[in-house]
Amino acid sequence: MFNKTLRVIDVQRIDNAPLAHLFLETLSLDFKPGQFVMLRPCQWEYDPFWPRPFSICTQDEHNMHIFLQIVGRGTQKLAYLQPGDEVDCWGPLGNGFEFAVDEDLLVLAGGMGLAPFIALSRKHPNPQKIRLVFGHRLDLDCYPWHLIPAEVEKVALQQETQTALKDFEKRLQEEIFSHSGKVFACGPRPFLQVVYKYARQAKADAYISLENKMACGIGACLGCVTKTKQGYKQTCVHGPVFSVHDLEDF
Amino acid sequence: MSVDTRVNLGGLQLKNPILTASGTFGYGLEFAQFGHLKELGGIVVKGLSLKPRQGNPCPRIVETPCGMLNAIGLQNIGIENFLKYKLPYLPFQETAIVVNLYAQSEEEFAALASLLKKEEGIAALEVNISCPNVKQGGIQFGQNPVLAAKVIEGVKKNAGTKPVIVKLSPNVTDIKEIAKAVIDAGADILSLINTLGGMAVDIWTRKPALKNVFGGLSGPAIKPIALKMVYEVCSNFNVPVIGIGGISCIEDVLEFMLVGAGAVQVGSANFKRPSLSFELVHQLPEIMRKLGISGFQEWIGRLKT
Amino acid sequence: MSVDTRVNLGGLQLKNPILTASGTFGYGLEFAQFGHLKELGGIVVKGLSLKPRQGNPCPRIVETPCGMLNAIGLQNIGIENFLKYKLPYLPFQETAIVVNLYAQSEEEFAALASLLKKEEGIAALEVNISCPNVKQGGIQFGQNPVLAAKVIEGVKKNAGTKPVIVKLSPNVTDIKEIAKAVIDAGADILSLINTLGGMAVDIWTRKPALKNVFGGLSGPAIKPIALKMVYEVCSNFNVPVIGIGGISCIEDVLEFMLVGAGAVQVGSANFKRPSLSFELVHQLPEIMRKLGISGFQEWIGRLKT
Amino acid sequence: MFNKTLRVIDVQRIDNAPLAHLFLETLSLDFKPGQFVMLRPCQWEYDPFWPRPFSICTQDEHNMHIFLQIVGRGTQKLAYLQPGDEVDCWGPLGNGFEFAVDEDLLVLAGGMGLAPFIALSRKHPNPQKIRLVFGHRLDLDCYPWHLIPAEVEKVALQQETQTALKDFEKRLQEEIFSHSGKVFACGPRPFLQVVYKYARQAKADAYISLENKMACGIGACLGCVTKTKQGYKQTCVHGPVFSVHDLEDF
C-alpha cells in the first residue's frame, strides 16, 4: 500500500470515442488484477471533491497505465490532464480476482470493464487458461485489445443495436452455463446484472467486480457498501470483487 | 522559535488541536497506513450504538459542489464490538480516543455512557444529537432544547468523570438556544457543526441521488456556515468548543481557532486525501511560527472585530 | 418536437421559468449588454426600500469554496428613483419585472405595496423577509412565523391584484413552519432560498473578511440545501414555488423544477458569467427535448421517490 | 463592450518572481488606459467562483496582453494556464484615465500598478508629456519596463528595505507637490494611501485607480463600492479611477 503524488507521463485520448489512456509515473508496486487505485489530481483542490477509483490496467518499470472512459466531470478532467500534472494516488486497494494458475477462467468484460482483465491476462502465467468474451459498443480498435496476450482465447462482440444486445445476453448465458471453472466479470451495471442472473441460475463459481461510487476507497466512509448475505459491506475493502452468491439485492 | 501545540478543553488535554471527525475516519485503524495515529490530537470514531446497525440502503453518498451529501444512517459494529475488536489496537495512551454516541432514546444514551465510563482507553464521549440521516434519535434531539437537555443530563449522570462533548446540529434557527440548553444540562465541551440537511436529484433518472432522499451536506462548501456558528457559540458562552465543518487545510484550522474553537475536527477532507489530518499536524508548528505565536492561548478567540 | 417553455405560477404567467434573483442582476439594465432582457422569464430587481439606502461598510463580499458571502446591506436607490429612472427602460411589457421589497416594519412594507399596486410595469412583488445583512427587518421577520404572517397580511391588503411572492430564509429549524404561516397569511407564491448566514476570517490580519462580520452565503455550495427546502415546501403545500440557490447550469434549473418549483431564479451565477441567464433561456428547448417533455406540466414535481 | 470566450495564446512566467504575462486572443477593441476586463478561465467551473479584474496592459492585432502578479489562488491559476485554454472575458469596463493630449501628466506607479500605464504611455500621442515615477520591489527587469516608449521621462526606484520605502514616500511627496498638471496613480493600497494623502494636501488634480474586490465588474453586485462624497459608489463602473477629492475614508 502506498500513497503518493505521481506525475502524469502521458495522456492519449482516443479519437471520436470517450476513452483515454492515462500514464502515470510507475510505482513498481505489486498488485492483484482487479485491485484499484484512487486518483485525485492536485489541481482539483475542492471541486470535484472526491478522488476517483480506477483499476490498474497495466504497470511496468516505466509507468502505471489507467484506461478510462469519460462518463462525467471527473473522468473528463482526468482525460485532459497534461504531462507533468500531479495526481494524488493511493492503492492498490480492494481484494482483486483470486485464482489458481491452472484453473480455467471464463472472463466476461463489458466495455470499460476490460481494464482489470488486461492486467489479469498479462500477469497470468498461463494465459491460455483464459477464455475472454468481450462485449463492446464502440469499434474494437478503440480498446486496448492488442495488449491482451495472443495465448488468450478471445472473442469480441459488438453491440450497436437492441437486437445485438439481446443476442449478447443470450451468448453470456450460454458461456456461463457451458463453463465449468471460475467466471469473472466486470463492466457496466446492466451487463453485470445479466451475468449475476445467469451465474446464480447456473450455480457457477462466478465473481463480479462492482463499480460503486466511492469517497474514500479505504473502508472509512461506508458510502460504497453493497448488500451481501452478511449485511452491508464496503465495496472498496471487501470487494470490488464479490461472489455472485454472496451478493443480495444487486 | 519553539512552539507548543497543546490545547486544553476544560480538562481534556490534547497534544495538538487536530482531531478527526466521526464517520470520516472509520474506527481509526483504516488510516494507520497513511500516518501515525498517535500523532493526531485525537480520533473521534464512527458513531456507535448499543447494538450493531446496518444503516440506510444505497446509494448513500453523492458529490456536490465543493462537498458531498451522505445518508449512511449510522451503520456501525456496535459499542461492544468496538471495545473488543478496535479499541485495543488504537494508540489510546498516546492520543485521545473519543467515542461518538448514537441512540434513539435518553435511556439508550445513558446506557452507552455507563458502559463507557470505566473504559480507560476512552478520553471523552461525543454525544451525537445531530445526525440528519436516521428516523429516530439524531436530529430531533438536536433541534429541540428540552429534549437535548434531557439527553445530556442522562449522559452526564452516567459518564463518571469522562468529559461529555455534545455535537450540535446547524439545522436550527438559533444555535445559541440549543447551546445554552446543553451547557445548562452539564455539557463539558460543545462540538459543531454536524452536517446540513440537503438533497440532490438526477434529472435523467428523475430520482433522488440518495435512496434516503435527504442527506447531510459536508465539506468546504459549508465552512462559512460552520465558522459563523462556532463564533456565535464561542462569543456568547464560556464553554470549550471543537470546530467542525469543511476544514481542509492548515489555514482552516487556524480560522476556526481564531473565532474561538479550542480544537477542530477534520471531516470529509480525509476522503479527499487520506493523509491529510497527519499532514495538518505536521504543518502546525510552521504556521504558528509564521503567525508569530508560541502557543494557542495567544490565538484562540483573538479575532479582531 | 415543439416545446412550450411557459409556466404559470398561480396567475403569474411567465414565458419561461428563468428569472434572475434579486441583488445579483442589479436593476436589470446592467445586463442589457449581455443579452436581450425581454427573453428572460422575469427579472427580480435589487431589494428596494421606501428611501434610498447606503448599505454596509466595505469589504462587503468575499469568495468562499464554490460560493460567496455578501453583506451588501441592501444599498439601493429607493423605490421612487427606481420607478422614475429604471422601470421605464425595462422591457416590462415583454417580461415580468418583479420588485423585491425591503422594509423595517409592517407599516413600511404595506406602504411599499400600496405604492406599487397601480404600477403597470410591475408583474409581482417579492417580499424579502430573509435578508441576513441588515440590523432591522430582514431575517427577524423571516425567522418568526407570527411576525412573518403579519407582514404578509399587511402587504396583501395593500397590493391590490399584484401577486405577492414571499421570499423565505433557510436559517430556520423548519422551513415548513414559516411557509405555512405566510401561506395562511395570503402569500400567492413562495420563493426560496435566500442566503445562509455565514462568515469568513483572515488569519493574517486576524480580522473578519467582511466588515459586517457576518454575511449571506450563496452559490453552488448551497444548492443541496436549497433543493431540499424547495422539495419540502412543494411536497407539503399546494402553493407555487420559485426555487433559488446555486443555480448555475441548465441541469440545475431542471432539478429545482423536478422537486416541485414552478420557476427558478438565477443568482450569484450571474457574476460568474454575465450572459449566463440568457444562455439558460436558450438552452431550455434543447434539454426539454432531450428529457422528452413538451411542457413543464410534465416535469414540475415529478420526482420519483 | 464585448463578452467573449478567448483562447490563451501564450503565458510567460518571470523566473523567480510572482509575475506573468498572459496573452489572449485579441479583440481589436477600443479601450481607454485604466479600463479593465474581467477574466474567468472556463476550466474554473465553480471554484474559484468569481472572475478576476485586470487592466489591459497592451493590445495589438495579435493579442491582448495582461500583466499579472500572483497574489492568491486566482492569479496563481491564471499564471499557469496553457496555450489553447479558454477564458471568458468581458470589457472594457470602468472609466479609465481621462486626459488631454497636451497636458503634463505625472504618473505614479507602484509594482503591478504599472500595467495600465503601459497602455497609457503607448497610446498617448505625445508620450513626452508623461513623467513616470515607478516604485518597485523586485528587480526592474521583472517588469515590462521596456514596453514604455523612450519619450516618456521615466524614473524607477527600487524599495527593498524599510528605509528605501520611507525615502520613496518622501519622493512621492516631492513629485506631487512640484507637479502642476494631472497626477495619475495605480498600485498597492499602502502606496495609494500615500499618494492620496499628499495629493489632497497639495490640492493636486490627482486620480487613483482602486483595486477593490469585484464579483461582477458591471455595477450589479454592489460588492466593490468605495466611499465617495456622493456615498458608496461601485468601483467597477464609477471607477476604478477616482479623483482623490471625491474619495472619502480611503
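Points worth noting:
Order of writing sets the labels: A, B, C and D. Residues in every chain begin at 1.
Here, contacts are C-beta pairs under 8 Å (C-beta built on N, C-alpha and C of every residue); 3 or more make two chains touch, one makes a residue touch a chain.
Only a predicted model underlies this, so the values are computations on that prediction, with no experimental measurement involved.
Touching chain B and chain C at once are the following chains: A, D.
Pairs C-D and A-C differ in how many C-beta pairs touch across them, and the larger number is found at C-D. Note on chain placement: the centre of chain A and the centre of chain B lie 35 Å apart, centres being C-alpha means. The distance from the centre of chain A to the centre of chain C, each centre being the mean of the chain's C-alpha atoms, comes to 46 Å. Computed centre separation for the pair chain A/chain D is 53 angstrom, with centres defined by C-alpha atoms.
The set of chain A residues touching two or more other chains comprises 46-47. Shared contact sites, meaning residues of chain B that touch two or more other chains, fall at 64-67, 219-220. Arrangement of the chains shown, judged by which pairs touch: all-to-all, with no pair of chains left without contact. Residue ranges on chain D touching chain A, taken from their complex, read 45-47, 73, 82. For chain C in complex with chain D, the residues that touch the partner chain are 23-26, 30-31, 33-34, 46, 54-55, 57-68, 70, 72, 75, 219-220, 248, 268, 270-275. The touching residues of chain C, counted against chain B in their complex, run 64-67, 69, 143, 171-174, 196-201, 203-208, 213-215, 217, 219-225, 227-228, 231, 246, 251, 254-255, 258-259, 291, 302-305.
Interface residues of chain A, counted against chain B in their complex, comprise 1, 3, 40, 46-51, 88, 90, 212-213, 215-216, 218-227, 231-232. Taken together, the chain A residues at the contact with chain C in this complex read 46-47.
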